[in-house]
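After this come two complexes, each holding subunit A, first together with subunit B and then together with subunit C.
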Partner chain A sequence: MAGSSSWSRALMLISPYTFASIGIAISIGVSVLGAAWGIYITGSSLIGAAIKAPRITSKNLISVIFCEAVAIYGVIVAIILQTKLESVPESQIYAPESLRAGYAIFASGIIVGFANLFCGLCVGIIGSSCALSDAQNSTLFVKILVIEIFGSALGLFGVIVGIIMSSQATWPAKAA
Partner chain B sequence: MAGVMQKFVLASMIMWLAPMAILYGFNHHIIPGSGQLSSSSQTLLSGFLAVISVNLVIVLYIIMAMKEPANRELQPDPAFLAEAKASINQSAATTSNHDAQSRDKVE
Partner chain C sequence: MYGFEALTFNIHGGYLEAIVRGHRSGLLTAADYNNLCQCETLDDIKMHLSATEYGPYLQNEPSPLHTTTIVEKCTLKLVDEYKHMLCQATEPLSTFLEYITYGHMIDNVVLIVTGTLHERDVQELLEKCHPLGMFDSIATLAVAQNMRELYRLVLVDTPLAPYFSECITSEDLDDMNIEIMRNTLYKAYLEDFYKFCQKLGGATAEIMSDLLAFEADRRAINITINSIGTELTRDDRRKLYSNFGLLYPYGHEELAACEDIDQVRAVMEKYPPYQTIFVRLSYGESQMLDKAFYEEEVKRLCLAFEQQFHYAVFFAYMRLREQEIRNLMWISECVAQNQKSRIHDSVVFTF
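Coming up: the complex of A and B.
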């Protein structure tokens, strides 16, 4: 009876559709979590600092745009992943090719979700400091914007790897 | 302020619509030449073009925002400013009065 009930067997009998759907959910859900976190951190600092220095609002909306771009990356990858989710006939559902496709979509979703989560958080905190220091001294804005651009590149890395990962998710062709 | 909001809303809408349009075009083979691509290269190309379009909108918005001249029309509320100045002058007058009184008492 060795091997008839073991963790590896249990994990392998989870349908690849489960893994793929969870990957899609994580890619959009966790990305939006990061973007929202960033926007509310930046937004509250921006509105507070604009009381005494109303001139900062026009330029500091750039930080909010960076955070929103993080959410859009999550949506782009979720749309790409859901076009990759195909039906396979029941005989093929546990074929190695199916499992590979399910795991690839799962991994792609996790990559994009968590990269965007921390990118959104990073850009949000930098954007908040940017608004506060711009209110005091407007020459500092461009220098802090450079740091923000580096921060938003983190989300870009995650999206690139996620898209490359998902492009190889091919399900087995329907058996005759 | 209204101009700032208009530009922001416009940039946000384009930032959403452009990648969606690119993905839609590739998936439904509206874009010429997308029918001949294999599935994996279609995914790669559509994904990268969508991400590039988002970044392009961001760069354009940054250029538009940096070009704006620093406008002087938005100042703190003038009544608030006048009250603040009056209170500073008043406290300066009272401290000078107190200094004068303390000098008398020491004598």
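Coming up: the complex of A and C.
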């Protein structure tokens, strides 16, 4: 474990609990950032466009729901990740298996968080254009919705990879 | 950075952009214009307009209508929409919206000064001013005798103040000077607006550059054609052209040397967008030039709506509405004077 450079020693001495907890925080925090960003982008355009064309409001809530789904993915993965965070005896904290588990949870959190951030942004921007074009011409709505569906698949990819990543995060057993 | 406006534009501008796009869907279409062109009297026009968005503004007018009433009410609708957007806007959109009206302010100032020179009554002139270009101390313009007083008494407190640095003289105002003053002010205004848009950057800068460059070039061509045969010297003419646009600087050099319309046409052969405009006119004719320019302008303004998340849609909408009001005025005048054969001479269809 003794690395010659002080930076690598410093990194390896950070507790795996820290990495795991930060991963969980990023998974929920950044996902919610993405969802909120997407919702406000869609929402402001939707409100303005609905003044002249009130019929678009109920259909275009779908865009807001797609953005919201992104936040829900983040919550689900955060709950799953936090069940994987177990205590290990003090002698085992810096064992390679512990480090591996800590890093796996951290990576899983980052994957889910950032995938959901960009998915939320994507769906939000498309939702805004969808509301504006639906207000002008109602035949366009369904076609633009298809684009949004493809966009929201990005968040699902992140969730799948994140869950696979975290499922192999096994902490060393209690017996030293 | 150009390309990422979509991430942050909607924080301050999303609601207003959606509103202006809603207003755009209320512009009169070719079918509406066809109906209006077939009207026999002004009351027919009022009836057709009541089915469009102008309905609430015209319905309370008493029956012997005048064309000026129709135009006034339609302008009132535009002013209401503009004020609604202006009071909802934050910086920098509010400054952008105010810039759009400075052109009308310049026109109002020139109107009052010219009217005063010809001994007209101030109240009558104030009623003829465009409502978008009003400012508080506008009535005191009638008192000024020369440009220096004009500036010192009234204009130093208005947004037009920085545009006066090039044209303060102590000469008395007369018709020629007033036209030069109008064009100098407009030149300074366009350059200022252009710099402001460049500072905003992104899609706004790109689209507004194109629209303002077209405006600057159109004014340069009009100034050239209108000053052929007058006592305006070449250097004075050159000073009235703006410092940007497709024609800057080489086109301006050539335009300044033109002495008649055919020479202007020859100069424009080198610039494809304007060459397509001039090609539609036969030799020696310049009446259709205005309509050709308006058509080209409307085409470019409609293209501004193709992109989202920028401010040029506001500018484009205001200009399209003004074009629509011009169309309505022309149609009303033709109907009122029973000259329906000339209706299609000057109506520019938006879509």
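Throughout what follows, the second predicted complex is superposed on the first by the 170 of 176 C-alpha atoms of A that agree within 3 Å, B and C clash if a C-alpha of one lies under 4 Å from a C-alpha of the other, contacts with A are read in each partner's own complex, and residues count from 1 in each chain.
Definition applied: contacts are C-beta pairs under 8 Å (C-beta built on N, C-alpha and C of every residue); 3 or more make two chains touch, one makes a residue touch a chain.
Quick caveat: nothing in here was measured; it's all calculated off a predicted structure.
S.K.: Look at where subunit B and subunit C land on subunit A after superposing the complexes, then choose clash or fit.
M.R.: clash
S.K.: Thinking of the overlay built on chain A, is A:S45 touched by subunit B (first), by subunit C (second), by both, or by neither?
M.R.: second
S.K.: First (subunit B), second (subunit C), both or neither: which does A:I160 touch?
M.R.: first
S.K.: Answer with first, second, both or neither: which of subunit B and subunit C does A:F106 touch in the superposed model?
M.R.: neither
S.K.: Let me test your reading of the model: by the given contact rule, A:F118 touches which partner, first (subunit B), second (subunit C), both or neither?
M.R.: Touch partners of A:F118: none, neither subunit B nor subunit C.
S.K.: Touch test for A:T83: subunit B only (first), subunit C only (second), both, or neither?
M.R.: first
S.K.: Could you look at A:S58 and tell me whether it touches subunit B, subunit C, both or neither (first, second, both, neither)?
M.R.: A:S58 contacts subunit B only, not subunit C.
S.K.: Between subunit B and subunit C, point out the one touching more subunit A residues.
M.R.: B
S.K.: Is A:F66 contacted by the first partner subunit B, the second partner subunit C, both or neither?
M.R.: first
S.K.: State whether A:Q168 touches subunit B only (first), subunit C only (second), both chains, or neither.
M.R.: In the superposition, A:Q168 touches subunit B alone.
S.K.: Tell me which partner A:S138 touches in the superposition: subunit B (first), subunit C (second), both or neither.
M.R.: first
S.K.: On subunit A, what residues does subunit B touch that subunit C touches as well?
M.R.: 51-52
S.K.: Give the list of subunit C residues in touch with subunit A in this complex.
M.R.: The contact residues of subunit C facing subunit A are 6-7, 10-11, 14-19, 21-23, 25-26, 308.
S.K.: Inside the complex, what are the residues of subunit A that reach subunit C?
M.R.: 37, 40-41, 44-49, 51-53, 121, 125, 128-129, 131-132, 135-136
S.K.: Quick check on the complex: what are the subunit B residues that touch subunit A?
M.R.: Checking each residue of subunit B against subunit A gives 1, 4, 8, 11-12, 15-16, 19-20, 23, 27, 39-41, 43-44, 46-48, 50-51, 54-55, 58, 61-62, 65-66, 68, 70-71, 74-76.
S.K.: Residue numbers of subunit A touching subunit B in their complex, please.
M.R.: Within the complex, subunit A contacts subunit B at residues 51-52, 54-55, 57-59, 61-62, 64-66, 68-69, 72-73, 75-77, 79-80, 83-84, 138, 145, 156, 159-160, 163-164, 166-168, 170.
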